[in-house]
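Labels for the chains are A, B, C and D, by order of writing; each one numbers its residues from 1.
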Amino acid sequence: MKFSYYPGCTLHSTGAEYDQSVRAVCHTLGIELVEIPGWGCCGATSAHSVNELLAYALPAHTITNATEEAIAAPCAACYNRLRYTDVNLRENASLRAEVEKALDRPYRAGVAVRHLLDIIANDVPGEEIQAKLQGTLGGLKVVCYYGCLLTRPKKVAAFDDMEEPRSMDRLMQLCGAEVLDWPHRVVCCGAAFSLSRTDIVRHMTGKLLTSALRAGAEAVVVACPMCQSNLDLRQPAILKERGVRERVPAVYFTQLLGLALGHSAKALGFRKIMVDTSSLLARVEAGREAPAEAEG
Amino acid sequence: MARIGVFVCWCGANIASTVDVESVAEAASRLPGVAFATDYKYMCSDPGQKAILEAAQEHRLDGLVVAACSPRMHEPTFRQVAAEAGINPFRMQMANIREHCSWVHADREEATAKALDAIRMMVARVAQSEPLEPIKVPVTRRALVIGGGVAGIQAALDVADGGVETILVERTPSIGGKMAGLDETFPTLDCSQCILTPKMVDASRSEFIKLYTYCEVEKVDGSVGNFKVTLRKKAKYVNHELCNGCGDCFHKCPYKKIPSEFDYGVGNRTAIYVPFPQAVPNKPVIDRETCVFFKTGKCRACEKVCLRNAIDFEQEDEFEEIDVGAIIVATGYDILEPAEMAEFRYGAIPDVITGLQFERMSSASGPTEGKIVRPSDGEEPKVVVFVHCVGSRDENYKEYCSKICCMYNAKHAIILKHRIHDAQAYLFYIDVRAGGKGYEEFWKRACVEEGAEYLRGRVSRLYDENGKVIVEGQDTLSGEQVEVVADLVVLATAMVPAKGTEEMARILGVSTDKDGFFNEAHPKLRPVDTATGGIFLAGACQAPKDIPESVAQGSAAAAKALGLLTKEEITREPTVAVVDPFICTGCWNCVTVCPFGAPEKSEITMTIDGRKVTRPVSEINEGKCEGCGLCVASCPGNCIDQRGFSDDQVYAELGGYLERLRAALTHE
Amino acid sequence: MDAEYYKLSAENAAGLFERARADYDVVAKTRDANGNLVYGRPVSFEDVAFVDEQPPMSAKAFALPQNETLVRYERGGGEIRAETPEAPARDLLLFGVNVCDAAAFDIIDRVFQWDYLDDPYLARRERTTQLALACTALQRDCFCNRISYAEDGVDAVAYPREGHYLVKIQTDNGRRLVERYRNLFAEADGDPETEITSFLEKAGTAKREPLLETAQSGLAGAFEHADWEILASTCIGCGICTYTCPTCHCFDIQDEGGYVGGRRLRTWDHCTGRTFTAMPAHQPRDRQYKRYRQRLLHKFWYYPERFGPVLCTGCGRCITHCPVKINIKELVEYFGGLSDAPPGGRRHAP
Amino acid sequence: MATIREELQAAVRRLFEDDKIDYFLGYVDDYGHTFPAILTKDSDLSGLTFDRKSYNNLAAFLPELRGSRLGLICKQCEVRTLNVLAAEEQLEREKLVVVGVPCPAMIDPRKLSADEAELGSDDPALWQEKCRRCLERNTPTADLFVGEKISTPTPAEGWPLLEEVEAKPAEEREAWWREQMSLCIRCYACRLACPLCYCHQCFVEDNKPQWLDKSVGAENNLHYHIIRAIHLAGRCIECQECSRVCPVGIPVDVLNNVLSRDFASRFGYASGETAETKPALVAYERDDPEDFIL
């Protein structure tokens, strides 16, 4: 399997640990990633609130630069923007013409835009992953957090159930985690308001964190660097404000999968997570010593 | 050469103000095959018709073209005139120069030319048309009603009232349908059972109605006037001839914890059961799936206690073939399974219920005897959230409006207030649709008099926290996100076609719409007909409906059925497909594509070179053909023609259209 | 006339071609865009194919085209104008065509001037000159050696010799050709008839008894023969044999067009087809083998009975191109009593 | 070891002796050709054979013999013909004895020089196009297999002419087809050799209304071939008889198979895979949208 890899701005900066773990996991699973030459901004929040044409042209530029038949995007926001652009440019000829004029070259329709979670959960056979496991996550209690952009809107993004996605759950179960049910798997974290309206983010992320803790989670598993940073960076302040003493680290699904596949915590960038992950890593270490009995 | 008369109508000013009718008539008189042409103010009026009759005689006409309005309007009128004039009615065609011409154009010159085009086309077509005779089919004077809900019951009662034998088939153990389980009904708050049960009893007692409960339609053959229907009478394991409905059996049944279908799981039933105390027939059946005797071979408690020896474990499904002339389909609705919509966490949170479950709870004859409680702990709820449009008006689930939810949510809010005076109802709505008589006043009453809190916005998510249900949603009037901490949440889930509707459609050979409801023949003018002759629709199987609408449709379908069944024989349009057996290869593509089952597999034996050769061919059952033309189009060998729309006629018609172009090319 | 003999050197053959192109519409064997051999109008001598092989379509179309407009009409300005296409503007020279193709014209001329003079056909024929080229060897499916008529009516036949052609002139028309380009031709020396006879012997095209003409009386008694059904039922009723045949000449008259304008035309038709004569009446032969039998008997019984020659030059196209390889020669022999065993089995007796 | 000729003759003789069939459809050779023959129990079977010139798809003769019990030789590539005919209700399968043979690949008569010396050659360059891509040379689904099973060589990829035509820009492609069609003499051999063109009356024969002028010409010829191709769309099984029989060498099979490829790529559909595979254009599912029927 070979994909054009679109890290997006975050994975080259604040989300470096996501990039690290993605590359490690893909390498082990035999997924070849070829970084898109000259990729640019996905257009995220700012572009589509400022200029519609720009919001299409930016992702169209990146898609057109792709060298492979399909793009793997690990960031949910990037994924959503690229996907949204592709769907609209395919359906709307006049928009496409406008965008092509802006790009000054034809748009490359037909490149599949995929989120990395979709690729790992749906393209790699479970048995294959299981065969490569170096241990289990030792029954680590996790909640899977998909965020608001990964599966919505249905017409654009749904590779899984829009309201009740399960692909990450299955992947984590495969790695030997105990996946807990919780009602907030697709609720927004506040996203880019992180900078402009922290009050909103504190409110929304606060609800997520208390819900995860109420469910008994030892980790919130995420698939988006934006979600991760809101859940991680702001966690101490938010929970303190709510008078909650427990903490729950927000880790990438690739980090946990990486641990199960035998990569070291260091190689997976665990150090860059603010909330203390030592007990989590200890749990996993214990699991790794136990013989591999991951459930199917 | 044909002798066709052309009659151009002014339709008052409707046509004449845009089309130069006089010059059109003058030009028409010079067309090949036209023996006479004239114009008149109102062709459909008595003098107009007389003019046609006189011209037909004077000019020995053998075909008519009436250039006037849509054939939907007056085709029967002018066919009648043709018949009176001794001209085959199918050699009369209407050129629609009103809807297709004067009403949609402003340019007088262009409209006039187009009117003449239309006439030229019809003249060419009439010149090519064969005289046709209507097809006559004798009628079996018996009706079948499928589905014993209120629509089906009403339809059966009305057909029976016309003195026609009616067979009412219901697949559950009792008639009554969804309505039998409702509490009070909007907007009058009269008790549902009080108004329905007398009708149920009437249906069971009518000398003209044969009631088949626990029975399903297996197969339908034949066509309008003469259907052959196979019924599967499911084994009840109770001999209803012997049973007197004393109820000893189900009181003794040791298995009492089976979720009751009638109560939507709010209450329980036994393995041998009557679905509800007022059931008709009020005699039990044994549910083979849950009866322990069928699982283990032990128990027979009901058999032991039955003094009339009515229990019969040996019973098997029986099949019965009946002949009927008309079928009324009233198979009703189900609700969209709310568990499919994960955001409402139905099933995961016990205090999230559906509107139908609320009905059973608030019904005095229901499992809680009218007491509204939280399923989780049996406590009285003080804060109840009602969610409108759960799965309806939602592009992710069902795009249509389920129509009745606004009203029953208001009703539930009122009932809540009546039963628990200090309770508070919150209703999340998109907008309130209250279009029926007394409906607007009713929801206003809930809002103003009963203090229900209406929040204009949708619910995004439910979750449980500390024994309460947190309802997150939006109030679009204030622009705020709201959060209600509720004791009970009631979901107004979308109405969907009853389970098995698709299969029923296949059996009946009628079509369904994109949402799976049965398709009516015309959304406005033939709302209770299907495209298949002799099959009619009543109630929510056609679209979401409330009780008055369902009843009205039941009566309407009955009237349509009676109209058919009171005739000795019916005549059908002769514009049916016809196969040329000499060139038919018997590939039976037509059999595959026909939605009405009209082409039938047949054989032809020919003597070729002294040798008898038998070949498969297709043959059209004229009684079933609806004249849609699908078989004509799908026939690879062009062996099927449609009477009245033959290739020759269509070709000629096209030629008539092209004439103006030809004239332009040749400067004539 | 008595035959005359000339020598045409290879060099002068090229000169003849070039000079004739100025005076005639010259048709010769050449290759089309797909590389297939056809009768066409090569523009230079190099493009002319001098091979024994026959193009799939015979030269008949140059006198009897597959579509021939008989009358054309046009409507406009309130009147209808009709016109008959004019006769061909140029003389036609069939240069180096196979003898079997050239010979066919004389055979079918008889039907086109029998009781009704077919003007369009005869106009073309009058302006046609044939300079045929004799084959060096009999091809797989050919049987001109079994038909006596093959070359009598051909204007001129060229026999390839070492470095030159021996040209035999058989008609006045042929003599006119030689006279026109007299300086290119030399008198033949020696005994040309003997030379030709030995050429034919060597090529295998010399006439061999019993000639198929003698099958006529046998065929007359075999109409009801039971084997027709078995042997001719593989015929699929396509028109290949008749369309490629140099002597088949059945046609249909069709009107095309409509109100604005159109034409009446003659198109080839064929008796082996399901719809032959269906327009004016019906196809009287209800099974395919009967239609095939009709074609065979027409060629070898009815036509010679009425017009003299058999309606066949033995070119063998109908065998080569037949999708099911029905062999008319073998069937004539079998049903005409010249052979005892039907085709398809005799060579492999157990 | 018995030759295929001997084995076939013995097998067919047995079928007649055991009164299993009334007719046998096979190939016989004589006068330098191999050609189809209809044999009865009284026929001389000595010509019966199967060789590299046994081109014809014998299923084309089934309508002529309808009603009789038949044996016929069927190459594996032609089995799909029987499946399509069965799916279209044209086959009395129970009256048929399908005789399978090991197929040595058919020689393309157009690639063969006059002396036919290469007839024994195993050079795929001399084979018919379909034989280059042959997936199975024996007939595993036959009722009766005659001869020694042979191995199937690795099939060639692609179809050079078809791909060359497809690669042309649309206008050039149209011009190319028009040129090819201008050669057509409308003998209709392509239609008549095609086992799936079994209509009792072809649209070209209709005259009331007359869909197509009788005169030949690029336009009319193209009209004929396109309509035939559309009638075969999703049905053609690539026996290539249309192309082989064409006296003027038009690659009719290419036209039909461009459509087959479309069916394969758009519907994932190959005609005649089983006797139940309905032709794609009349395959009908309950959930097909039918909003247009009022």
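Please note the rule applied: contacts are C-beta pairs under 8 Å (C-beta built on N, C-alpha and C of every residue); 3 or more make two chains touch, one makes a residue touch a chain.
As the structure is a computational prediction, the values presented were derived from the model and not from experiment.
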Per the touch definition, the chains contacting both subunit A and subunit B are none
Taking the mean of each chain's Cα atoms, which chain ends up nearest the overall Cα mean? D
Higher C-beta contact count, C-D or B-D? C-D
Could you please state the distance in Å, as a whole number, between where the Cα atoms of subunit C are centred and where those of subunit D are centred? 31
Taking each chain's centre as the mean position of its Cα atoms, how many Å separate subunit A from subunit C? 81
Quick one: report the Å distance separating subunit A from subunit D, using the average Cα coordinate of each chain. 55
Could you put a whole-Å number on the gap between the CA centroids of subunit B and subunit D? 48
Two or more other chains in contact with one residue: find those residues in subunit D. none
What are the residue numbers in subunit A that touch two or more other chains? none
Which residue numbers or ranges of subunit B touch two or more of the other chains? none
Pairs of chains found to touch, sorted by chain label: A-B, B-C, B-D, C-D
Residue set of subunit B touching subunit D in the complex reads 502, 506, 511, 513-514, 519, 521-522, 531, 582-589, 592-593, 595, 611-616, 628, 634, 636-639, 647-648, 651
So, in the complex, the side of subunit D touching subunit B is made of residues 66-67, 88-90, 198-203, 206, 208-209, 231, 278-279, 282, 284, 286-287, 289-291, 293-294
Contact residues on subunit A for subunit B in the complex? 154, 161-164, 181, 183-184, 187, 211, 214
Which residues of subunit D touch subunit C in their complex? 5, 28-40, 43-47, 49, 56, 60-61, 64, 114, 179-180, 183, 185-189, 191-193, 205, 207, 213-217, 241, 244-245, 247-249
Which positions of subunit C touch subunit D when the two form their complex? 32-34, 36, 53, 56-57, 66-67, 139-141, 230, 233-234, 236-240, 243-244, 252, 254, 256, 265, 267-268, 270, 273-275, 278-279, 288, 319, 321, 323-327, 330, 341-350
